[in-house]
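Labels run A, B, C, D, E and F following the written order; every chain starts at residue 1.
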Amino acid sequence: MSQEILIGKVAILLATLEESETAPFQPLLKGVHYCRGKVGAMNMEKVIAAVETAATRENLITENLYRENHALYHAILEALEGVTRGQFAIGDMKRTVGLRFAVVRGRPYTDKREGEWIAVAFYGTIGAPVKGLEHEAMGLGVNHI
Amino acid sequence: MSQEILIGKVAILLATLEESETAPFQPLLKGVHYCRGKVGAMNMEKVIAAVETAATRENLITENLYRENHALYHAILEALEGVTRGQFAIGDMKRTVGLRFAVVRGRPYTDKREGEWIAVAFYGTIGAPVKGLEHEAMGLGVNHI
Amino acid sequence: MSQEILIGKVAILLATLEESETAPFQPLLKGVHYCRGKVGAMNMEKVIAAVETAATRENLITENLYRENHALYHAILEALEGVTRGQFAIGDMKRTVGLRFAVVRGRPYTDKREGEWIAVAFYGTIGAPVKGLEHEAMGLGVNHI
Amino acid sequence: MSQEILIGKVAILLATLEESETAPFQPLLKGVHYCRGKVGAMNMEKVIAAVETAATRENLITENLYRENHALYHAILEALEGVTRGQFAIGDMKRTVGLRFAVVRGRPYTDKREGEWIAVAFYGTIGAPVKGLEHEAMGLGVNHI
Amino acid sequence: MSQEILIGKVAILLATLEESETAPFQPLLKGVHYCRGKVGAMNMEKVIAAVETAATRENLITENLYRENHALYHAILEALEGVTRGQFAIGDMKRTVGLRFAVVRGRPYTDKREGEWIAVAFYGTIGAPVKGLEHEAMGLGVNHI
Amino acid sequence: MSQEILIGKVAILLATLEESETAPFQPLLKGVHYCRGKVGAMNMEKVIAAVETAATRENLITENLYRENHALYHAILEALEGVTRGQFAIGDMKRTVGLRFAVVRGRPYTDKREGEWIAVAFYGTIGAPVKGLEHEAMGLGVNHI
């Protein structure tokens, strides 16, 4: 493969695994910047804001630089397509999400002209707004930055 | 959480990790049935068929029992929403996929009346039909069976 | 056909026909459980809730059993795709719906291993939030339960 | 209701009912033009063509008059949204349809300035390309003509 | 081409160009009715309402005549697909739009039986609810009326 | 506005206007790179390939540099959302397109850290595969590169 760092895989593992399970994967975290967070919500806007706020605060993207915000925004939307699977809505469809997320920024390709890319992953539950009436959901978005 | 077995997480790890990386997660595989496979394709139909064939051959679903085929089919489609992120097409959009997949069947909930559920996960690359012009993609679908 | 009871057809007729028109179809109702209801709304959530509440109250699904709620929920969403035809929204698109609905649960297949399935049908009007500026709409969703 | 002729309901009944079941609804057919047909296919294009051909042959629309073809085409697409429920594809998704369809043209509204409208309904099965592995599907589209 | 008046092109130019730039295109405006307007919003409903209100006030469509409202409504939705590109939402996705719009009604085809058609075009910006974090967006919808 | 060069507007005008109509807009072309082309097709893949080939041949993007191909690809897809308006397909839906396109690369923002962006616009006709049974269509996609 022409990728030497799998930023998508790193994001998936950071979102999916418990803290205690990530030990074997520490070597993968070398050479990337990342952050993790959690969000529970019945509307998309709150989920998007939670990821943007975390990524800005952790300096994964430069505040008010639109090209970086634009890259992150589309990576978030693509990851949410995986979470919502076909209808791009949560509360409007009478469902709620409880998600862990990870944002990873790095240089995945061996050809250094490819520059930096960003990956966003979500993992958690989606379901009715009743405790326990829910199943797992996951999404990954990747974009050049 | 009301789930004691996270079949989605198991499917994600089986699809995302290399064989050599799965050792720490062997305990998670207790109590579920699963299979893994690979498919490279420029059309959806071939990807769907690859997963259905593997799941049938490994006895994860009963051949010609429609309710099980129906449950698996919708789990596959939902997982493909995550892979394709918004437009449900591959070759028609001049892109190709190279995917590893896992199908996991089990009883995730502590309340045994919830019965069996099925999870399908994909992990791999999507991109132009030119080697290296591709990035990672992922998808997860979960359904009652 | 391998179906001996057409639960979808029954749901369509129960949603579409006036009470007085259903007499010739009474034999079709043997061997199925069903309920009917009405909902007028400018948001999806209210439509979904109306069907779920009716189906739970009439014991078509078991309250708080997720696999049954999950089956019904996806049947409702699929029926709403037919009603909304392409954009999954009502009031956000400045339109309103006035719908009659029916939920039918039964064993449609001659092979009894196929078990129970559920059908949800809507019939009514969709249009501008101005009386008379509306046309008919319909949708059907079917799922294994 | 401001509609005196429910062309959508007529189309639904013509598509859903067997010939022998339509007797009680003959009065509804007064004052509308309609045609019925059947199509089995693994691609959208064939389904669309079958309806267009039947409607043209039965003089429900004027051949080569674009405004009438355009009205019919969008009514067909909207009805197919109900049949396919979320992903606008058949064979590409490894599924096949066997459908009965009806096209109804008439003046539904009491206000005669509203002119003519057209309704297209489908009813039949959708499922795996294996006999019996299928369930019912339905769709309705309505447009001004 | 079988169209002698390109109502879509006229709508695009009226939405995209500044007043001062439209001089060379005055001849194109002969034989059509049109109106222009502006709307800034975080929800679809407000954008749709702005166009409907302008078109009604300028007598491009007849108030409370549903067939004309229906034609305009679908032309607006199609134009908004171009603006939103894939997910039919604005504020729910944490984005805002600032749009100029034009509605053009005329007889585009040389064959006069084709009658009147309507075109709706939007041009402006879409982006984060932060000044400057936005890029251009455009959409065109055309329908028979 | 924080944009000093409107690359989207330039792309729209280059796609929409005849050669003879572009004279007044020559000043807008200063400071950007652009190319124009034409494509008639019944499948998406051919449309995407026509734009990619033109943009590569005219050195608007660097061949085999994935980040630039990725940026262009998503701008093309977004522009095609505007052309196809809701269903991402052409021939599968029994329709054909005849399109002129323009690709524009430049630095739209006054803040030079925003770097280069790319805009893709289409303008032409979409309709039945019968001459004259078609109307105008348009689409615009913008991405950071």
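We adopt the following convention: contacts are C-beta pairs under 8 Å (C-beta built on N, C-alpha and C of every residue); 3 or more make two chains touch, one makes a residue touch a chain.
Small disclaimer: the values here were computed from a predicted structure and weren't measured.
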**OP:** Determine whether chain C and chain D, two copies of the same sequence, contact each other through the same residue numbers or different ones, counting it as same when over half of the numbers at the interface appear on both sides.
**Re:** same
Original post:
Copy of B-D's interface among B-F, A-B or C-D, judged by over half the contact pairs being the same?
Top reply: B-F
**OP:** Could you please state the distance in Å, as a whole number, between where the Cα atoms of chain D are centred and where those of chain E are centred?
**Re:** 30
Subject >> Approximate Å spacing (C-alpha centroids) for the pair chain C, chain F >> reply: 43
Subject >> Mean-CA-position distance for chain F and chain E (Å) >> reply: 19
**OP:** Mind checking the centre-to-centre distance between chain D and chain F? Centres are C-alpha means, answer in whole Å.
**Re:** 36
Subject >> Overlap residues in chain E, where contacts from two or more other chains coincide >> reply: 66, 70, 86-89, 92, 109, 111, 117, 132, 135
Original post:
Taking the complex as given, what residues does chain A use to touch chain C?
Top reply: 87-89, 91-95, 127-128, 130, 132-135
Subject >> chain B - residues contacting chain D, complex >> reply: 43-45, 48-49, 52, 64, 66, 69-70, 73, 77, 88-89, 92
Original post:
Inside the complex, what are the residues of chain E that reach chain D?
Top reply: 65-67, 70-71, 74, 109, 111, 113-115, 117, 143-144
**OP:** Sort out for me which residues of chain F touch chain C in the complex.
**Re:** 86-87
Original post:
Can you list the residues on chain B that touch chain A in the complex?
Top reply: 1-3, 6-9, 12-13, 16, 21, 24-25, 78, 81-83, 85-86, 108-109, 111, 117, 119, 121, 123, 125, 131-132, 135-142
